[in-house]
Amino acid sequence: MAATLEKDDVVAMLRHVSERLIAQVDILTDADLAIGDGDHGIGMQRGFEGTLESFDATPPENIEAAFKAMGTAILSKTGGAAGAIFGTLFRAGSKVTAGKETIGGADIAAFLETGLEAVLKRGGVTEGQKTIIDGLAPAARAARAKEAEGADAVLSAAADAAVAGVEATKGMVATTGKARSLGERSLGHPDPGAISVSLILKAMQDFAARA
Amino acid sequence: MAATLEKDDVVAMLRHVSERLIAQVDILTDADLAIGDGDHGIGMQRGFEGTLESFDATPPENIEAAFKAMGTAILSKTGGAAGAIFGTLFRAGSKVTAGKETIGGADIAAFLETGLEAVLKRGGVTEGQKTIIDGLAPAARAARAKEAEGADAVLSAAADAAVAGVEATKGMVATTGKARSLGERSLGHPDPGAISVSLILKAMQDFAARA
Amino acid sequence: MAKAAKKIINDPKKVVAEMLDGLVLANDGRIARVPGHAAIVRTDLPESKVAVLIGGGSGHEPLFHGFVGRNMGDGAACGQVFAAPSPDIIVAAAKAVHRGKGVLFLYGNYAGDTMNFDMAAELLEDEDIEVRTVRIADDVAAAPPERKYDRRGIAGDLLMIKIAGGAASELETLDDVVRVVEKAGDNVRSIGVAVSAGSIPETGKPTFELADDEIEIGMGAHGEAGVSRQKLLPADAVADQLMDKILNDLPFQSGDEVALLINNLGATTMMEMLIVNRRIRQILDERGIKVHRTDVGTWLTVQEMAGFSVTLMKLDDELKRYLDMPAESLGYSRM
Amino acid sequence: MAKAAKKIINDPKKVVAEMLDGLVLANDGRIARVPGHAAIVRTDLPESKVAVLIGGGSGHEPLFHGFVGRNMGDGAACGQVFAAPSPDIIVAAAKAVHRGKGVLFLYGNYAGDTMNFDMAAELLEDEDIEVRTVRIADDVAAAPPERKYDRRGIAGDLLMIKIAGGAASELETLDDVVRVVEKAGDNVRSIGVAVSAGSIPETGKPTFELADDEIEIGMGAHGEAGVSRQKLLPADAVADQLMDKILNDLPFQSGDEVALLINNLGATTMMEMLIVNRRIRQILDERGIKVHRTDVGTWLTVQEMAGFSVTLMKLDDELKRYLDMPAESLGYSRM
């Protein structure tokens, strides 16, 4: 149970996230097949494989560099909507960790909020349109609510909120992205991008709980 | 049981042939699917429908005209190898009936022989190459052997010989037409064109037996 | 559930990289790879011209990267299968095509493409390279007319690229080129029909499911839902439905001249498309709409998907001029 | 057993007639129907030239009737699906294209085509119209080299028509055109690979059966048997096998220049063909064989069959000249 994370923890956590997500791509593929074009799984896989390669090639010098390297790898390797969105999330979010040797609950909340803000700007959508935002926004709020309790608790709250957010997307009609044209037919299906958010946060939570 | 056929009999017989063959096109389709391109059934159907239309539009004035009209319809409507071959058979064969008010066994034998000769010239193949010839050549020989016995007996002998000829094609390796490239793989399958010969003669035989 | 398609490929993860190698070679020297990037550029690019950069996800070959050539795109940024290219690819491609007169970004209107191309445009602006964007949004099935900005780009892409390529060969400024291409965009309408699904090489899974006796009118180029799923219909009835949607969307009038494009989504036969063309021309004749130019072929595919789309672009003299310019590329060439 | 394909057609018995109507319309006035016949002719045919008549069974669109146009075929005689046209169609087409300098009959070497075109040639000779015949026989899988006359014609058709069209635009006599086209025929080699079957619209039945994990090397354009049926292989291994068959058939030598053509039999993706092209070029590079010109596209189809073929034609300066002439037709156009 880690209330704060050092650079090595963060790198190890992001490695864990990458490996876990790579192992779970089929969930994302199937979710995207249902309401999108079926490439979300392989796209995220490319991004996370790219992250691991980047960490191997250039071990991050600090926490900010670790988050940013992940964002850069996703941005350039994932492509599509998810590449732009998750790339922006990690790259923008990384800035709040600039100069920090350790990060705690408040930092994680700030990371999610700053990332969210950048993603909202990039994608031009709001909550309720059945996107990544519907996993990310509740997660950021839950994190802020627990900011005093340490990284592990914050990640746990954020992950739970994201999972609930995914659940909520089932009841939303998509009004952006490839699922938009489905209209009512998108009802009942969770949003693939939101699922990715929840899996990423869940992997972080599990890492922090063990660390 | 008709030993000789008059013009009206011949026209009625060729109508019967056309109708019977149209009803049996699936046999030809399947045979051509096995060792060719699968169009022999619909090709013969076009030719026989064309024959019926031609008879309706211009009732043949004599026996020669009836056979020739059938050949012309097949030649122009069937297309492909079968159109050229069956068209040539009926058009060339028709010549032996020129000026005849009735035809008997010897005429039918001559019809088959003359048609066969023209077809051999047109197609450039010999017996044993797994073609129409392997139905037609035995039929012509059997017809000549019975020439003294009247149209019905001659057609019966010719049809039986054609059926045996079809059976024999199963043991032949195709060396011409679309089945050629199958080589040994054509073994066991009867030749679609030879089947058509046997069905045509069988229909003639049945007509003559009832006439 | 349909079976995964049999494909003649090597490593499924390398399809885009190997496809690009093969594409460059197939152009017999007329295009080159942008070093280190999934991007290509014409080798015979004139020294001073407005540049046209096209691009998008792969898997729709010959679109987009097959449309780079004389009087077509000057370069292309290539994403992975069905995934927009990342900003770094787009930036590299834009720099490779830029000849001092600015770059037109011309691509299909999808969230992924928009975000990645926009990020690239911002990076290029930092380096003082002028970029203007036209997003192709021709699919009338994707959104009602009042939300045209929400429509996705489908086979109208070809006509748009053709016009952009022509305009950028003749016109002096990026503004002028943008004006012509935007006019073309205002006047182009498409709609497709899906008969059976394609699949992504890496997953092997069909992108959607249709019953054996069903078709879907209006389905998008990645299997996005259309306007109606229905029983298989005769060609004339399908053509009637498609034309109805198109002709009701833009006020085409008697006396109008149009470009007509019938695009094979992959596995449909040209025989079917020509039979459909016959009916389309009957409908246009009845309306007094004259066809200036017809293209029937395979331009925007969705892997081995079966189905086709119909595109009409209303023409004026200026659009005709650029559309009719000779053009040459691996995927589209016409004198 | 594979299911019958879903096709967007009207009456299955009318596919050829309706397709031809749609084809003429799609040519925007450049070709016309020969009245009363399943045949087409260029409307802009020069007053005095050697005529090139192409043709064969339908169902392979754009081949043959899509290849009528400037510097391509002057007219085409169209049979029903997979069935050679009858002599009366061929005679009518030949008369429509004849401009006093004789007619070249150029078609694929199949028994049905040979018999019907020969009958037509005999009828035309009776009317003092000079006819010469070149049968295309490029498929190395169909027979060993010593029985080249037994080989069938596949996608090499396109290069042959291209050369015939070019030669007939420039050369004065039928003899000269025949000489060039025969030389092209001596120098062209193709082989295909089948991945899944197409079907005839009227029967709805697939023309052959292949297991889900099988391909067949050397299969013909109507599903005629090839040289080996085997498990699905990576693209490079398939390319190796195809090239091996071609390169061992004609003594291609280091320093030779060739035209390379990769033809989609219907439902194969261009992505796959480009991946194969990459490997083909590696093989040719190793052998020192230079590619003068590449075409990758959909030229000879077998309805919705999946698979492709590779064609090499060894070139000299004369063949290059005619192959490189600009040509325009609905199915093939290149500057």
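Letters A, B, C and D mark the chains in the order given here, with residues in each chain numbered from 1 onward.
The rule is short, and it goes like this: contacts are C-beta pairs under 8 Å (C-beta built on N, C-alpha and C of every residue); 3 or more make two chains touch, one makes a residue touch a chain.
Protein identities per chain, from UniProt: A, B = Dihydroxyacetone kinase subunit L; C, D = Dihydroxyacetone kinase subunit DhaK.
These numbers come from a predicted model, not from an experiment.
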- request: Using the touch definition up top, find the fewest steps from chain A to chain B.
  value: 3
Message: As a quick test, compute the distance in whole Å between the mean CA positions of chain A and chain D.
response: 54
Message: Need the CA-centroid distance for the pair chain A / chain C, whole Å please.
response: 32
- line: Whole-Å distance, C-alpha centre of chain C to that of chain D, is 28
Message: Is the chain-to-chain touch network here best called a line, a ring, a star, complete, or other?
response: line
Message: Show me, using the given definition of touch, all chain pairs that touch one another.
response: A-C, B-D, C-D
- request: Spell out the part of chain B that touches chain D in their complex, as residue ranges.
  value: 29, 33, 36-39, 41-43, 46, 75-85, 87-88, 122-123, 176-183, 185
- prompt: Which bits of chain C are touching chain D when the two form their complex?
  reply: 3, 5-10, 15, 18-23, 25-28, 58-59, 61-62, 66, 70, 193, 195-196, 201, 212-213, 215, 232-236, 238, 262, 264, 266-278, 281, 291-294, 296-298, 301, 303-304, 306, 308, 326-328, 330-331, 333-335
Field: Complex contact set, residues of chain C against chain A
entry: 57, 79-89, 110-112, 115-116, 118-119, 141-143, 150, 152, 200, 202-203, 205, 207-208, 218, 220, 222-226
